[in-house]
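Notes for the one structure printed next.
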Amino acid sequence: MIGISPVSVSHYLVVGAVLFVTGAVCMATKRNALGVLMGVELVINGANLNFIAFGSKYLRVESLGLDGQLIALFVIVLAAAEAAVALAIALNFYNNHATIDVDQASELKG
Amino acid sequence: MAEFFQQIWDSFFQTSSESPGAIAYLVAAVIHCVLIIHVVAVGALIFIWMERKISGRIQDRLGPTRVGGAFGWLQTLADGIKLIAKEDITPKDADAMLFKAAPYVGFAASYCAYIALPFSDGWVAQHMNTAVFFILAVLGIEVFSPILAGYASGSKWSLFGAMREAAQVVSYEVPLGMCVVVPCMICGTLNLVTIGNMQAGSFTNWLAFNDPFTFIVACVYFTCATASVNRAPFDLAEAESELVAGFHTEYSGLRWSFFFMAEYGSMFLVSGLAAILFFGGWHGPIPIAEPIAGVLSLVVEPLLNFGRYVVGFVVGDLGQVTEGVVATQIANLMGCLNFLVKGTIGVTVMMWVRWTLPRLRIDQVMTTCLKYCVPIAAFGFLGALVWQVNDLPTSNDMPVIGKNRFEVRESWVYQAEKELRTTSGDQKSSPDDQQPPFDPHQATGSTELVPQGAFVMKGGAR
Amino acid sequence: MMLLAAFDFDWHAFFFMFFALLTCGFALAVLFTSNIVRMAFYLILSLGASAGLFFLAGAEFVGAMQLMIYVGGTLVLLIFGVMLTAQSRFVTMKTSSGEWVMALVLGGALLFLLLTAAFRVGDWRTGHPNPANVGLAESKTTTQIGMGFTGVRVDKLDAPEGSTLVSGMSGYLLPFVIVSVHLLVVLVGAAYMARTKRRASSAGVGA
Amino acid sequence: MATQVDDARIIEFDVRTDEMLVNMGPQHPSTHGVLRLVLRTDGEIVSEVEPHLGYLHRCAEKIGENLTPRQWIPYTDRMDYLAGMNMNLGWSLCVEKLIDHQLSEKAKHLRVIIAEMGRIASHLVGMGAYGLDLGTFSPFLYAFREREKILDLFEEACGARLTYSYLTPGGATADLPNGWLQKCEAFLDQFEPIIPEYHALLTTNAIFVKRTAGIGVMSGEMAVDFGCTGPVLRGSGVDYDLRRDGEERYTEMYDGYAFEVISQKDGHYPKDHDYPAVPAEAVLGDCWHRFYVRMLEVVQAIDLVRQAIDRYSTASGDWGVPIKLAHKLPKGEVYLETESPRGQMGFYLVSDGNAIPWRVRARSSCFCNLSVTSDLCRGCLIADVPAIVGSLDVVMGEIDR
Amino acid sequence: MSGQNLVERLSQRFGEKITGSNLEAIDPWIEVSAAGIAEVCEYLRDDADLQLNLLNCISGVDYFIADPKKAAKAGWEPHTEVVYHLSSTFNKHTLVLKVILPRWKGDVEGKLPEVQSVAGVWSTANWHEREVFDLSGVRFTGHPNLRRILCPEDWVGYPLRKDYEMPLEYHGIRGR
């Protein structure tokens, strides 16, 4: 393929960066609490992609090795935990305030 | 042109020692695609016909008898044509994009899982080291199809079906995963081809009969598999007496049939997985495939060589058929039939159960999962683990015809022992502990990292 | 990889492009859709495609894990949340254009920064000279990962004597245990938190 | 799912969901025709069920005010179309009560044979359809296989398979044909051994027991309060069967027959030693008991038919010649209930002295049985709604009339 | 208990509210006033001798002849009856009660005659009274949910009344 042959770590980093930035913007702009949560998932996934890229033996001669994959696994598991908690918070918020709009969560505002 | 034929020829009979060419790969890919498409799509046709016949027989009636002769074997095809001709309705309240996409999600997931399912020794579209895991993961994705369909239909019954499906499938993945881990643990690999090959020999070598715990686990696996593909008595997502038709209430025509193709596809998938993990995969109960294949190859091989000679006049010489390849391929073909029969038996049992039992209630389905399946699976897992670690006798130790599954002993338990001993001990660089160079052509899972010495040690212990 | 190398055409790059475009495209779709259910759908596709990138990078186990836990587990949970709260007024929530501009400007800046960084290091940029030669066995990391979690690094057995990595013992046993306990606590906590207490009298809104 | 907390004013939920109104029916696979249930649900839990009737309403009572009693017989067929014979019987007896018509012995035994065969046929549908409600298809076909044989017999007797119009005021439209009794006996001999099969598929099936035992429990008092009758009443342990406790004109049909009313006394059903024991989970008055009473009534009916065949063949008199089509009715009003398969089917006939009644009224058993639905279904799961409605075994044709 | 005894006993207890009886009919009946029916029913249900715990049926019967010549020969004034058939699952006996009402309340056409609801005495009465209301046009006071049950909510008229005219058209459906 033009330009990106062979595929390098940098290319993966580009995808990771796009995911990361998309997720961050998503977190900033979405008003729905679950939309924010989806942004977080994108960010985490972007970061994960970087770990995989650095650990891959196909992209670099001197790779990070197994550690990349191991850390990626930890990230996935922690993301699952994070999603569970965030979802519980969102549901609790929804139950108590009958809305899912994060802009209305102003109870703690001074 | 000659090269084209040469490569096709090579792809089957490996005339040259160097790796096959691109066209050979392409042919192989096409064959895999065709095979899998047929198992999923045509398989669905056959299974739906089978279901009708079986349910008919169970219920004292004949089932289809008209279309396509006395057995009505073209009935499903006729229905398929009817479904294509039916109007494709999208409800007013539906989210049109998701509504239309949902059936394909399910079908794609079901189809995708077949990529890693071997039909015989090495007959697999993508030879994966994590095949078991991959199949489970992709099966888990299939749940999105009912969820999206149920949500996007804009009907309350569909939504109920979707919620039930989501809750059920996510719960049943837990015991299903536990059950699948047991054969992987015994074989020390996630590679389905290796797991299948380790059960070569007579049926006593099948992992279900390895020890009492694996048998329990096999039973639990089948129960959970039935639940995870939404078959009765766990077919709550489409419970017709409660939810009209559940998540596919609003679907019609071809879109609706995609749900069914996905359902039958996953039915065969989980049955096939059961066959490989617990019931010997492509190995028959008695190891007669190889001798028969050997005899047959005595006839077929000369014929092939003659054919090569005749064709050679037109396209140029294709090269001699490699010694033994024909016998292997014939054995593989028989193994494939074996595997299909086993998978079909699994599907038949599911049908039998469906037409016999009433449906459970949603809370009872959850109870079955969490109170029965999970603890029993965990118990079976621990039992099998203890059995392996303590090196208790298995059915595989019995003096029977066929190979002795010594590889079974080469599980990661031994590897861990070995590594721990090595690292805790002073001297670390005994040559046995070095990783052997990997051979990319040899696709085995269990021996991938095992130092050669482990074999020797085990062999000695025996 | 052998398969991909069979043609002169660089299939690796082709599939990378394919999955990368899917990943980024659906991620952007998540960003620009205002319908929460469709956002969830696009997120599934985006994460599924990124699992394809994992497979492509040789991380089969992590890829399958991504499909199983992330897509098959976390996202099902997320969709559950979406369905539980999907009242029509929350399905589409528009963001003010000012916020959009702010976020896009900052996001663009961040993206620029990251992209610059991505191509800074020569080693990262050049890629593997001949990925086709890496071989199938390199992707067989399942056992290694499993051993790594139990505290034995079989891939580091030949680490030099006296290095910071005690040979073979730089595994992840402790983090693994911590994460397991953490996960358990989190799940119990989440289950507890999602339960609601309402006054019996007010059937309608809130406590 | 809601758990108890100390403060009674606070309800704890697993996850709060919004209440939904769901229409179950009128087009729904398990509402036995065109019943519409409006469910108010919180997740899977049903907080309120409201039946909506009338989709089959054709005001048969109004039609009855324009026809002579014999002309109205076909309309009774179409009320409980699964037990047309028993409906014919109820109306015939009611008319005979008004005109004070006495039947011969033979005609009475004929009516017992036909009515009890009708009961078997009806309970077979009830049983099979209940299997469908719980998601198992095969028992339905097993039941229909046997029902078809009964319908064959009925067809031979009266020429119709569903809407018989066979029993009429005065007796029956015709005598049983030659050889009918032998065929009937042959059927009973063949049918009786099949019943354990039904028990194996349904009554004792673990899933079936899980789905029905302890579901929709109705006390005897509640059943009487709601006017539930038939197997629904006896399933709650009330010992009441019009064949024994009804009016003279009806019970004299069964004079000299040996039968016991099927209801649980002291934890036992009569004759239950032959049939599966009551499972531990089952509570008197639940869906399982209602179903079981029906199953036992099939056996009871077989027994009654056997006795009736014996007595019919030796009885004196004719088979009962029908009254004239436009028989002039005496002035007066009568009410008579019979024990039809689904409960007590009552007919109320007011005459002003013409051949055509002034007012006709059908008291539908299913109408009363169904009225208990909203109380039984309160707080159950969605899947229990078909289980409960199915255990009441309603026929909409009779409810809507 | 013989019919005569019962009538006397009820008259003693309820006085005016027992307005008559017919013990010669095939099914003897006792006539109760519209205002006393609930009270009488409650007594009949709870009395230890009677225990009429099962309400079999409530029927509305309309007595009306449009043709004045025929009406003169009928021998009765136009009226509406509500008939209650009771029985006891304990004593296995039955009883018929009747409430005789004017066809229209205060003889104003369109105003439905009223009678006390017995839905509080037997739950069966709930639906039966709805049916009588729906088809015969009798209003049951104190009924928890008096709506049409068999006919659609927006149906006009009471089909079992003798002067009922089938509507020509209902939501575009031809009636006659």
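Order of writing sets the labels: A, B, C, D and E. Residues in every chain begin at 1.
Here is the rule we go by: contacts are C-beta pairs under 8 Å (C-beta built on N, C-alpha and C of every residue); 3 or more make two chains touch, one makes a residue touch a chain.
Treat the numbers as computed from the prediction; the structure is a model and nothing was measured.
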In terms of touching chains, how many steps apart are chain A and chain C, taking the shortest path?
1
Give me the fewest steps it takes to get from chain B to chain D if each step has to go to a chain it touches.
1
Measuring between Cα centroids, which chain is at the maximum distance from chain A?
E
Among the chains, which one keeps its Cα centre farthest from the Cα centre of chain C?
E
Could you name the chain whose Cα mean is nearest to the mean of all protein Cα atoms here?
B
Given the two chain pairs D-E and B-C, which is bridged by the higher number of C-beta pairs in contact?
B-C
Interchain centroid distance [CA atoms averaged], chain C/chain E, Å
73
Centroid spacing, where centroids are CA-atom means, of chain A and chain B in whole angstrom
33
In angstrom, rounded to a whole number, how far apart do the mean CA points of chain B and chain C lie?
27
Let me have the rounded angstrom distance from the C-alpha centre of chain C over to the C-alpha centre of chain D, please.
61
Can you list the chain E residues in contact with two or more other chains?
none
Shared interface positions of chain D, touching two or more other chains
15-16
Using the touch definition from the top, which residues of chain A touch two or more other chains?
91, 94-95
Can you list the chain B residues touching chain C in their complex?
19-22, 25, 95, 97-98, 101, 128-130, 133-134, 136-138, 140-141, 143-144, 147-148, 151-152, 159, 162-163, 166, 170, 173, 188-190, 412, 415-416, 419-420, 422-423, 428, 433-435, 438-440, 443, 445, 448-449
Of all residues in chain C, which touch chain A in the complex?
1, 10, 12-14, 16-17, 20, 23-24, 27-28, 30-31, 36, 39-40, 43, 46-47, 50, 53-54, 56-59, 61-62, 65-66, 69-70, 73-75, 77-78, 80-82, 84-85, 90, 93-95, 99-100, 102-104, 106-108, 110-111, 114-115, 117-119, 121, 123-131, 134, 138, 141, 144-145, 148-149, 153, 155, 172, 175, 179, 182-183, 186-187, 189-191, 193-194, 196, 198, 205-207
Quick check: in the complex, which residue numbers of chain D touch chain B?
20, 22, 28-30, 43-44, 131-138, 141-142, 145, 201-202, 205, 207-208, 210-211, 381-386
Quick check: in the complex, which residue numbers of chain E touch chain D?
25-27, 53-57, 59, 61-63, 74, 83, 85, 87, 89, 92, 94, 96, 122-124, 126-128, 131, 135, 148-152, 159-160, 164
Under the touch definition given earlier, write down the residues of chain B that touch chain D in their complex.
55, 58-61, 156-157, 160, 163-164, 232-233, 235-236, 239-244, 355-364
